[in-house]
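A short worksheet on the structure shown next.
Each chain gets a letter, A, B and C, in the order it is written, and its residues are counted from 1.
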C-alpha cells in the first residue's frame, strides 16, 4: 500500500473541501431520512414533533419484521456462497490460463449488465419450469426463500469476482513465489500469504454482495414464493400504497445494522492484516 | 538441523514443463468450475430462455407462443421510438458517467493521501448511505428537491431564488450521479492507490509541476480505474429507470422503463426479450472494447 | 469436459425445460371442484394488493378456521400476472382487476369457482353477481371491492366551483386559467390515461379505433408539458402536501389521504362529467393452487355481510356486497367519492385483444 505524499498547500485544502462537500452530498438524504423517521406526522416531510412511534410500529409490524428476517437469511447465505465461488472464479481468471477462459470471463459479465427486470422474468420462467421438471421425476419443490437465494447468488458471484480480481491484479506475486520456493504447499501459501493480502478485496466483495442482496427488488419479486417476501419488496409495495415514516424507521434500522456490520468487519479485517506482515513496494 | 523436509530436486525438462503447464491449466479450470457450473445452470440457461423468447410470437392476450419463430421483435427495434429511447438513455448515461468521473477523481485522490486507517473509514463512509433502501433514498431526494422544499428554501434564503428542479432532467441527473458515484469512487481509489509514489516523486524531481505530473503520470497510471469506474457507472445508468421515474416524473421514456413496460403493461415478452438481448450485446461489446483500449482487465 | 460440450449440454437442458413447458398441462378436473363449504385444506397463500385487507379480518379468519393466512403483495396486475401464469407460484388466491380477469381466464390461469363452496355468493348485489363484461356469469371471479378513477383536487387552489372536467388536464387554456401548469399528475398507466383522454374527447375508453386513439395520443402528448409527473403511487400525497393541485388517481386512495389531512374539506375527488373508469377488483382461485378449498372458504368468509362491510370500512372502497350495506359506516355510504351518484358515464376497462398493444405504444409515444 502506498500513501501519496501530501503537500500542505492550497491544492490540498481545496481537495479536502471538495471531499467534505461530497460527503455532505452523500449524507443529505440520509439526514432527511433519519430526521423524518422521528416525525409525528403521517406525511413524510412535515415535522410533527418528536416521536419514537414509527420504530414501535415497525417493531410491532409482523409483516415488516418477517420480511426483514427473510432478507437477512437470504443476504447471509447468498453472500457466503457467492464470496466463495466468486473468489475462486477471480483466482482462475487472474492467475491461470485455461481453455474457455474468455467464455467464462464473458459469462461473468452478463449478470452485471443484464437489466434486472429481464433477469427477474427469466428466473421466473426458469424456476417455474424447473419445478415442473422436478415434479415429473417425483421431487417436490416450490418457490420460496430457496429460489430467491439461488437468484441472488447468480448475480452476486459476478460482482464479488470483479472486486476480488481488482485486488488480485495489482498484487505482487513475488511473495507467493517466495513462499512456494520455501516449500510451502499451495494451501499454506494461500492461507498465510495470499489470503491476508486479498482480504480487503474479499471483504469489499462481501459487503457489495450484502448490499445488492438487501436492496434487490425486481429479481426477488419474480423469484419469490409465498412467505418469502424480503424487506425491500415489502417496502416497495408499501410505497405503492403510501409512504409513511414507518419506511424511514425501517431504513434507519437497516442503516444502523449495516454500520455495525462495517465496524465489525473493519475490526476483523484490521486484526487479520495486523497479524501478518504486509510487504512494502519500496 | 531444522526440521526441513527433504525435497527432491526435479530437473526442468521440456516434458516436465509441459506437464506442469497442463497441471496449471487444469487447476485454473478447476477453480473456475464451481462458479462456471452455477452460472450455467442458474444464469445461462434462464438467459437462453430470454433469447428464445425474443424469437417467439406474442399471443393476443400477451402470452408467448413458442412456435412460429420470427424476427418481428427484432424488427421493431428499428422503430423511431426505440431509437429515441435509446439515444436518450445513452446520453443520460454518458452525462452521468462524466459528472461522476469529474467529482470522483479528486475525491478518490484525496482519500489516497490520508493514512491507511483514515482511508478505510472514509471508504466505509462512502458505502454506508448505500445500505439504506434504494427507493427510500430516491424519495428522500424527492423531498429535498420539492418545490418549496428544503433546497428551494435554502437557495431562496441565500438569494438565488427558489429552485424548481423536481421532475426535470436536472433532478434525474442529480439522482443518477448520487446513485452511481460510489461505483466510480471505489475503482478509482483502488487504481490511484496502487500508483508507485516513486514515479510521482521522480516527476517532481524532474521539475514537473502539478498539472504535468497529473497528466503525464497520475492520470495515465490510473486509467484502469477510470475505465472500470466508467463501465460500472455507464452500464447500469443506461438501463436505469427507478430514479428517472421518481425524480423525473416518468415523463421521458428511458430504455430501462421501456423494457419493464414490455414485460409489464404491454405484456409483449418477445419484444422485451429482444430489447434486453440487444442492450446486453451492446453493453458487452462496449465493455470488452473499452477494456482493450484501457489496457488491463479490472 | 470441454467448454463447448458443457454449453451444448446447457442448450439441450434449456430446450428440455422449454418443452416441459409446452408439454401437457394437467387435464385434471378444475382445482377446488371437490371443496365443500367451509372446508379447508391447509394454510391460505394470498397474493393481494398492499394494504387492501384489514389485518384483523385475516386474524378472524385464522381463528375461525384454524389456518394461517400468508399474504404477499404485488403492486400492479402486470407484475402479478406473469408470476401466476408461469405456474408453480405457490399462491391460492389472487385479487386481479377486471381486465386482468379476462386475460387470466384466457390463459387458463384461474380456476372456475365452485359455487357450492361459496354459499354467500347470494350476498352480492345483482349488478355484480352477473353481467360484468370480463366474466359475465361470474364463473371465475368474485367481486372484491370496486371504485372509480378520477381527479382529486385542492379546493384552496382551484376554488369550490372548479369545473369537473378532464379539461383541467387536457385543455391548455383551462389549465392556464386555474394556474395548473406543473401542478398536476396523471396516472402512469396506459389504459387509464389514454382512457381519460378518450373520455375527454367523447369516445369510449375501450375503443379499437386507431384514429380515436391517435387523437387521444395527441391530447396526452400536449398535456405532458403541463404535467409535473406521471405518477401512480404518490399522487395523493403530492396533492395533500401541496406539491400538486390536481391529481389523477383512484377513489379509495384519495379518501384515505383526505380523512387524514389537516383539513379534509380542503380536498375533494370527482369523476369528471365526461365519464371515467369504474373498476372492480376480484378474487380468483389460482389454477394450480395448493390449497383451493381454503381459498374458497376465504372467499365465502369475505362475502359474509359483516365481513364485507368490515373490508369497506377499512379500505374505503365500495363494496359489491348488497348484504353488507347495513353494516357499512354511514359516512362511507354517504360519501359520493365512494358511492358516486351518477354512474352512467362510467365504463369498465375491457381487454381490447389485439388492439391492447396499441394503447401501450401510443402512451409511450405520447410521454415522449
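One rule holds in what follows: contacts are C-beta pairs under 8 Å (C-beta built on N, C-alpha and C of every residue); 3 or more make two chains touch, one makes a residue touch a chain.
What you are looking at is a predicted structure, and each value in this text was computed from that prediction instead of being measured.
Asks: When every step has to jump to a touching chain, what is the lowest number of steps that links subunit B to subunit C?
Replies: The fewest touching-chain steps linking subunit B to subunit C number 1.
Asks: Go ahead and name the chain pair joined by the largest number of contacting C-beta pairs.
Replies: A-B
Asks: Between subunit A and subunit C, what's the gap in Å when you average each chain's C-alpha atoms?
Replies: So the centroids are 35 Å from each other.
Asks: Counting in whole Å, what is the centre-to-centre distance of subunit A and subunit B, each centre being its mean C-alpha position?
Replies: 15
Asks: Which residues of subunit A are in contact with two or more other chains?
Replies: 44-45, 99-100, 104, 121, 125-126, 236, 239, 243
Asks: Give me the residue numbers in subunit B that touch at least two other chains, ranges are fine.
Replies: 36, 40, 44-45, 49, 146, 263-264
Asks: In subunit C, which residues are in touch with two or more of the other chains?
Replies: Within subunit C, residues 7, 17-18, 21, 79, 82, 241 contact more than one other chain.
Asks: Using the touch definition from the top, list the residues of subunit B that touch subunit C in their complex.
Replies: Against subunit C, the touching part of subunit B is residues 36, 40-41, 44-45, 48-49, 52, 58, 60-63, 66, 81, 146-148, 164, 166-167, 245, 248-253, 258, 261, 263-268.
Asks: Applying the document's contact rule, which stretches of subunit C touch subunit B when the two form their complex?
Replies: 6-7, 10-11, 13-14, 17-18, 21-22, 76, 78-79, 81-82, 85, 102-103, 106-107, 182, 185, 188-190, 224, 227-231, 241-243, 351, 353-354, 356-357, 360-361, 363-365, 367-368
Asks: For a test of understanding, state which residues of subunit C touch subunit A in their complex under the given definition.
Replies: 2-3, 7, 16-18, 20-21, 45, 47, 49-51, 70-75, 79, 82-83, 86-91, 232-234, 236-237, 240-241, 253, 256-257, 260
Asks: Tell me, which parts of subunit A touch subunit B in their complex?
Replies: Against subunit B, the touching part of subunit A is residues 1-6, 11-12, 15-16, 18-19, 22-23, 25-30, 32-33, 36, 44-45, 84-86, 88-89, 91-101, 104-115, 117-119, 121-123, 125-126, 150-151, 153-155, 157-158, 161-162, 165-167, 169-170, 183, 204, 207, 211, 214-215, 217, 231-232, 235-236, 239, 243, 247-248, 250-252, 254-255, 258-259, 262, 266, 269-270, 281-282.
Asks: Once bound in the complex, which stretches of subunit A touch subunit C?
Replies: Checking each residue of subunit A against subunit C gives 42-46, 63, 99-100, 103-104, 121, 124-133, 136, 142-144, 221-222, 224-229, 234, 236-243.
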